[in-house]
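All chains are identified by letter, namely A, B and C, in their written order; residue positions are counted from 1 within each chain.
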C-alpha cells in the first residue's frame, strides 16, 4: 500500500524552477533512496512533501489522503516526520531533554494540567523518561544523555534527530542526508539503525549524496537531476543507465 | 457630509501627507538599510519643530532660518546617535536597535521638555487668507509646504536614482535576503543614510509645526501612522512610503469628518494589521514573509 | 511615615505583577511586547467599571483578569505570525489604540475626565486607616501565587517547549507542535498577570484616567526586567524595587535641589529612563543582575 504518493509536482525556489514534474511513490515498509547531484532538488522535494515550501502544481498524498493544504506540524501529527540536512538539535537543552521535548501531546504542555493535574503530569513524565532511556540506548547515546546537545559531534546530532523522530512514533520517516558530515564509524552506526528500524516495519525515505552508502542501504532508489526524476529502480540497474552516467559525468556525487 | 467638505479634507490630507512623507521616507530607508523601525524618527521631527520655534524666538523671524537651523540640528543629532548607538548595534538583533531607538526617542524628547516644559508653542507664520474656489479652500502656506516637500522629495529621488550612492542604498534597501545585509554597510552609505534621515525628519517637523501646534508629543504621536504608511507602501521602498503616507493622510482626514481627529491611531493600527496579515510586503515590496 | 512605606511597597508589588508578566513574554518566550500597559489598562478599567456597577470587588477582579487574558488571545493569533520587530510595532499600536479608546469612549470611561469613586478594596471590612496595609497583604499573596505558578510553568514540559522554540523554532514544528499555540498561551498568561495588577490598581487608587496608561509605563517595566536579568525571577523582584526606588527617589531630588521644578524633574526622570534603555542595550543586553555569560539569548 502506498505511504507517500507524489504526483507531477512543480515548485519554484529562489526564483527558478527547482522541481519540474516530479513524481515519486513510497510504499509502506519500504526503504527507499533518493539521490542526485548538488542542486538537483532533493531537499526541495522533501520540503514540499513536508510542507515547508509551497508547490505550484501537482499533489502530495500521504496514506492515501491528500495533504496539500496542511501546515508542517499538522503533517507531522499525521505521522510524516523528517530530519534535516544540517541537524536542528536544541543546542541549549540536554540530549535527554531534546528527546523529552519530542513527546507528542504531553499533558504537561497544557497550562490547565500544569496548574490542576500535577500528579498526572509527573506520572507521564516518568513514563516518557523510560521511553527516552530506551531509545537513547538503541541509538548508543546513553553516555551523553546529560550533555547539552550543542556539544555533540555531527554524527551524534544526527542520531539525536533520529531519536527525536522516533519519539513521535511516526508512520514514515524522511531522512535528509543522514551521513553528511559524519565520520565513517558513525555512518556505519546510523546505517545499522536505519536498517534495524526498517526491518521492524518502519517506512524510510533517505536522501543521500554518498552514492556508495546509499546503494548498500536501499534496495530501490530514484535519481534526480536538475529538478527532474532521471531514473528509478534497483541501485545496480539505475547506475548503469546512460542518462544517469551522463548526469554524473561532470557532477559531484 | 457634502462633497466640498470631503474635498477640503482630501486637500488637507494631501498637504499633511506630503510633509509626513519626508520622515516616512527616512523611516523606510532606515528600516530597509539599517534593518529596524526607527522609533526616534517621531521625536526627531519634534526636535526640528522646536528648533524652528527657538530660531524664531531667539534669532530671526524668518522661517528659512528656522528651517536651516532645525534641519542642521536634527541631522547632527541623527548622525550622533548613529555613531554612538546604532552603529555598534549593527551586528546585533533588530530588536536591540529598536529598543535603543525607543531610548533615543525618550532622550531627545525629554531634553527638549527640560528646557521648554509641557507648554505648547506656535510657529509664527505670516497670516494669509485662503484662496477660495466655490468653497474649496486652499491655504497659500499649505502650497508652500507641498512645494517644499516636493522639492525635498525630488532631490531625494534624484539621489536615489541618479547617483552611485543612491543606487547602492536602493539595492541594499530592496534586498530581502536578510542574511546578506544585517546593517553592516559602507561607512559612506550609513552616514548618508542617517544624515538624510535626520534632515528629512527635521524638515518634516518644521513643516508640521507650520500647520499644527508644537507640543512635546508631536512626533511620537505620529509614529504609528508613519509606520503603518511605510509598511503599507513596502519597507525600503521610497515611492511606497510617499504613496502610503498620502493614502493614509487623505483617508484619515476624510475619516475625521465622521469620527474625530485623533482617529489616526486606531486607523494606523488596523491598517498595520491588515497589511501584515494579507500582504506583508506592502504595495511595492517583493513577496516575502513578514517573519 | 509608615503609611508612606506601605504606599511604596504597594507600588512595587503592582509593578512586580506587571514585570512578571512581561518577563514571561520576553524573558521566557522571547516575545517582544511593547504594549504591556494595554493589558494593564484593560484590567484596571474592567474591574473598575464592573465594581462601579455593583459587582463585588473580588468578582470584578476575577472578571478583569479573565477579560484581559481573553484580549491577549486575538493579539496572539494575529501577531505571532509576524517577526519580532513587527510584533513590537503591532503591540505598541495595540496599547495606544486601547488608550485612544479610553480617551474617546466617554460614555463608558468618562474619557479624560477620568473615573473617580471606584470602590476601594476592603472598604468597610477593616478600619479605614488599615486598608492600605491589607491591600499590601493581598498583593503579597497575589505575587506569591504568581511566582509559584510561573515557576511551575517554567519547569514544566510546556516550559521546555518554549525553551525549544527559542532554540530552534523550525525543529519544534518538525516535531508536530505548533509554536504559535505555545506563544499565544504565554501571551495570555502574562496578560492575565497584567490584568490582575490593573485590577489592584483600580481598587487601590480609586481613580483611573487614560494618562496612567501611556507607553512610558511599558518601558518602565522593560527597564525593571532588564535590571533584573530578564528571566531571573529573583532579579526581577530586585529590578522592580530599584525601578520604584528610582522613580520615588527622583521626586525627593527635585525637592532638595533648588533650581529644578517638579515638571523639569519629570523630564530628567524620563531622560534617565531613555539613557538606561540605550546603555543597557549597548553594554548589558543580558540584563544587569546576571552572570556574564548567561544562557538566555542576549539581544
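The criterion applied here is as follows: a residue touches a chain if its C-beta (ideal position, glycine included) is under 8 Å from a C-beta of that chain, and two chains touch if they have at least 3 such contacts.
What you see is a predicted model; the values in this text were computed from it and never measured.
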Topology of the chain contact graph, where touching chains are joined (line, ring, star, complete, other): line
Greatest separation from subunit A - chain, by CA centre: B
Innermost chain by mean C-alpha position: C
Among all chain pairs, the one with the most C-beta contacts: B-C
Rounded Å distance, subunit A centre to subunit C centre (Cα mean): 43
Inter-centroid spacing, subunit B versus subunit A (mean Cα positions, whole Å): 49
Subunit B and subunit C, separation of their C-alpha mean positions in angstrom: 30
For subunit C, residues contacting two or more additional chains: none
In subunit A, residues with contacts to at least two other chains: none
Subunit B residues counted as touching two or more neighbouring chains: none
Contact set on subunit A toward subunit C in their complex: 50, 71-73, 76-77, 81-82, 84, 88-93, 97, 100-104, 106, 108-111, 114-115, 118, 121, 125, 164, 168
Residues of subunit C touching subunit B in the complex: 32, 34, 78, 81-86, 88-90, 92-94, 96-97, 100-101, 103-104, 216, 219, 222, 263-264, 267-268, 270-271, 273-278, 281-282, 285, 299
Contact set on subunit B toward subunit C in their complex: 36-37, 85, 88-89, 92-96, 98-100, 102-107, 109-111, 113-114, 117-118, 223-224, 227-228, 231, 260, 262, 265-266, 268-269, 272-273, 276-277, 280, 290-291
Subunit C residues touching subunit A - in the complex, by the definition given at the top: 149, 152-153, 156-158, 160-161, 163-164, 167-168, 170-178, 182, 185, 189, 295
